[in-house]
Amino acid sequence: MADELRNVPVPAKPALWRRPAVRSLVFQILLVAGIGFFGYTIFQNTLHNLEQRGISTGFGFLENEAGFGILMTLIPFDETYTYGRTFLVGLLNTLLVASLGIFFATIIGFIMGVARLSRNWIISRLATIYIEVFRNIPLLLQIMFWYFAVLRPLPGPRQSLIFNDTLFLSNRGLYMPSPVYEQGFWLVVVALAVAIVASIMIIRWAHKRQEATGEQFHSVYASIGLIVGLPLLAFFMMGMPLSWDFPVLQRFNMAGGMVVIPELAALLVALSIYTGAFIAEAVRSGILAVSHGQTEAARALGLRPGPTLRLVIIPQALRVIIPQLTSQYLNLTKNSSLATAIGYPDLVAVFAGTTLNQTGQAVEVIAMTMAVYLAISLTISLFMNWYNKRIQLVER
Amino acid sequence: MKKIHVIASAVTLTAVMSTSAFAGATLDEVKKKGFVQCGVSTGLPGFSSADEKGNWSGLDVDVCRAVAAAVFGDAAKVKYTPLTAKERFTALQSGEIDMLPRNTTWTLTRDTSLGLNFAGVNYYDGQGFMVTKSLGVKSALELDGASFCIQAGTTTELNLADYFRANNMKYTPVTFDSSDETVKAFDAGRCDALTSDQSQLYALRIKLGNPDGAIVLPEIISKEPLGPVVAQGDDEWFNIVRWSLFAMVNAEELGISSANVDEKKASTDPNIRRLLGLEGIKGSGLGLSDDWAVNIVKQVGNYGESFERNVGAGSSLKISRGLNALWNKGGLQYAPPIR
Amino acid sequence: MTVHTPHPDLPPPTLSVGVLGWLRSNLFSSPLHTLLSLFAIYLVYLTVPPIISWVFLDSTWVGDTREACSGTTGACWVFVKVRMNQFMYGFFPESEYWRINLAFGLLIVLAIPLFIKKFQHKGKLAIFILVFYPIITFQLFSGGNFGLTPVETSKWGGLSLTLILAGVGIVASLPIGIVLALGRRSEMPIVRSVCVVFIEFWRGVPLITVLFMSSVMLPLFLPEGTNFDKLLRAMIGIALFQSAYMAEVVRGGLAAIPKGQYEAAEALGLSYWKSMGLIILPQALKLVIPGIVNTFIALFKDTTLVLIIGLFDLLAIIQQAFADPDWLGFSIEGYVFAASIFWIFCFSMSRYSMALEKKLHTGHAR
């Protein structure tokens, strides 16, 4: 066999170390070994350094009493709670500002993106100026500007600007009445839940019917009626079990009611305006990416401008917009950590700030903080990827 | 090729810019580098602040200069690292700085679980309150329900919580990263009162738009012994920092100042002669030259001089000696004898 | 036979041409648009005149002291003027300002040929700027060699520090980003997953925690006895963070290269590194230059975050100037000044990137 083969002009087998498969295997093994060694060295160094310097380690500190107060908490908190609780408080504050910011930035972004394409000269100019100005100035600078330069001139709590005897605006924040739920309010909540479920069912039914028969049903009006009407009915049936707690001026501050603190307001305004400018650009490019033929085709089918935009242009534009929107949402969430510069008690300010400093356990605290942001980022991108896939063109 | 160049330049950059510190013997390292790396605040008038040229001065800065004078005979051989309250301990733990005289309160937790050692107390302080005059508040006990501007990551935050819990009052904390932002927010009326160590209150008051519109309340709600900190585990260095401070206090007690230190060498008082390294153990116990204390006094001055120059009558802060007078003048500054 | 001569065209209705026509079609085309336009004009009327009078008409430009500004209702630019040197050079010794000027002047001189169409050696020059220029600049800034007085990094500050941070960020992140992007498209599963994890990690965390980590934790990771300069640590953090973003940009370029190019390179018998280095990357990188510029803009704005870890970049040094007891109450001037500097840099870069995009786009149009 071997002798016969020798006569056939077969290319010589490459040496073992020249074969791509072997090479890539060796390279990958080396890489794993390298990374493993690197990680191990860092781990050892850290352990050694911590021990050498007498720094306490471990997550036991989370059980200890914090002993400091926090400006704004969504869950009950005072100085007797633990460091673990400060983590939760900070996390919730971060989630609050991020979700509000995403909400407002999306609205601003869509309005401005459409406005920039408007035929109205002055409107489109103004939108362009807005986008170009706010996109090109560092966010941190904007946050500080809103906080120190804009909220500073507001009057003190005793000279609050009062609107309708219910809203009080001062440099301590915007105070408004908070609802107090009395007995029997549960029925209103139940009614709302029932209405939402019923609306979803109606919308599904209407959709099916349209597919089957082509008849349309105004499910939007029906569900709005349900969602507003049913809870209202329950509310009056139970004898209006709701009262308001009005803020009252005390010696130093307003007490009672709800308050939007100026730190939150400044952060929210800056985040929404900054991210809104980027979203506006995404929206504009998305709309421009839909070819004009689509509009003309829709018109030719007899669709009026409203439905054309709603049913033809926007669904196609969304495919371009969504990926950009996702990264803007991610950026906004990460940028909310700049709160620490103006004292809004978010995760970085409270946990990676005060808690880190009181306990001195930098490694644990920073690792936990980073893990949280990673988790939030992954969740947002998973959700947006899922949504993007849902609205993606289904090619047949 | 290009990549190799990049790597090579990165390596050179690293090699040039990295400095080596925190080996067992800090003193050797410091001597090798030729300067003391000193962690200070990012700007607190009277304690450590930089002028437009970047020259540092202040009571805390003088401790660094004293150590440099003791080690090198030259008080100028100091490099400063401005640190926020948050960063300060890690900077020391990691060996980025050799010592930290940054308005740091000596507490049990810090002394035990952070891997630090407090070398002494260069300023006895206590937490106080500053309010605007127009509020008409005369005592801190009237501050129930008020909001407070505080600097994050300080003992102030904890003391405030304790004080209000003990007196069964309510408060709202508004925390900021730096003292600058804290005072700005207070000036803007974001909070009713600013709370901090009392010495800082005087320093911060100058930064207000209308300094006369604010008063510092008489209450002191905590003990705040401020002193230089070094990393644990190097007793030699610990001793040098500690005794540099003591030398300044002892010099004041013995009446030795930067003006008369040379004349005092002729003195026959054995206490003076021991301090000036003319008899006794001299510098050998600390591993320093014999004239270490002479250099400190000559170049930095005694504790009293430093105090008056930076925070006392000779400065814009005009803080009285109070607790920081010498022990034999009704204060707490007391240094163990040099013998 | 009479030749039919058409009547001359009637002029268009007066309402559809000229100023009136423009107004009608652009501002008042429908009742809704009329309402919107009027509202917008009112908005402009409300905001623009006060801003102009504050910035220009009522402002103070001359003088050296605070007293020069007393009594004016406009901006006090004297505050900025007095502190200008510090805003530009930080705490750098005044006698050494020429070194910073030289470094940035050199960059401008070196960069000019890149914009000249006829210049032949753009690639070589670009490599020189990316590799050797940083070394020269570093020598100029830190000194110590060639008879220059050493200037420690804690004295660097102001706009020059902002530019340095952004420059180092981009120069260091480009090669790392290229390697990561290649790794992410590699056929080796482990290499690919390592790169994916690395990229997604850095993209998932906020820069501020990265800076915290590099300023607070990095020293704990290193073996005992090694210690980096604070500025260098911040630079490492920024470079790692930025390289993940850069990798994604480069990956976009790699994906845009037709498969035929890869196959052709393989068919020529080029090794992986040769085919990447000679065929794929030159094309891909050219495609993503606008993306790189956009990343650079983002990085440039992000450098302001270093103020949180106590470095004195432009914003930080301006903020610090607010605390000067002699110059209290001029924060708006300071913020406006900082904003306009950043805006000028970012806006001109974004215009450049857009122009480039257009140019490259036509090149690839079929």
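Structure notes:
Chains here go by letter, A, B and C, matching the order in which they are written, and residues are numbered from 1 within each.
Here, a residue touches a chain if its C-beta (ideal position, glycine included) is under 8 Å from a C-beta of that chain, and two chains touch if they have at least 3 such contacts.
Just so you know, these numbers come straight off a predicted model, no measurement behind them.
For chain A, the chain whose average C-alpha position is most distant is B.
Ranking B-C and A-C by contacting C-beta pairs places A-C first.
Between chain A and chain B, the centres computed from C-alpha atoms are 42 Å apart. A straight line joining the Cα centres of chain B and chain C is 39 Å long. Distance between chain centres (mean CA atoms), chain A to chain C: 25 Å. Shared contact sites, meaning residues of chain A that touch two or more other chains, fall at 49, 52, 148, 340-341, 356, 362. Within chain B, the positions touching two or more other chains are listed as 86, 90, 93-94, 177, 184.
Shared contact sites, meaning residues of chain C that touch two or more other chains, fall at 216-217, 219-220, 224, 308, 319, 331. For chain B in complex with chain C, the touching residues are 2-3, 5-6, 9-10, 12-14, 16-23, 42-43, 50, 52-54, 79-84, 86-87, 90, 93-96, 177, 180, 183-184, 206-209.
Interface of chain B with chain A (complex): residues 85-86, 89-90, 93-94, 110, 113-115, 135, 143-147, 152-154, 157-158, 160-162, 165, 171-177, 181, 184-185, 188-190, 192, 231-233.
Across the complex, chain C is touched by residues 24, 27-28, 31-32, 35, 41-42, 45-46, 48-50, 52, 119-123, 126, 132-133, 135-141, 144-145, 148-149, 330, 334-335, 337-338, 340-341, 348, 352, 356, 362-363, 366, 369-370, 373-374, 377-378 of chain A.
Taken together, the chain A residues at the contact with chain B in this complex read 49, 52-56, 67-71, 79-80, 148, 151-152, 156, 171-172, 250-253, 255, 262-263, 340-343, 345, 349, 353-354, 356-358, 360, 362. In the complex of the two chains, the chain C residues touching chain B come out as 86, 91, 93-94, 127, 130-132, 134-135, 138, 142, 144, 152-155, 172, 175, 215-217, 219-220, 224-232, 308-310, 319-320, 322-323, 325, 328-329, 331.
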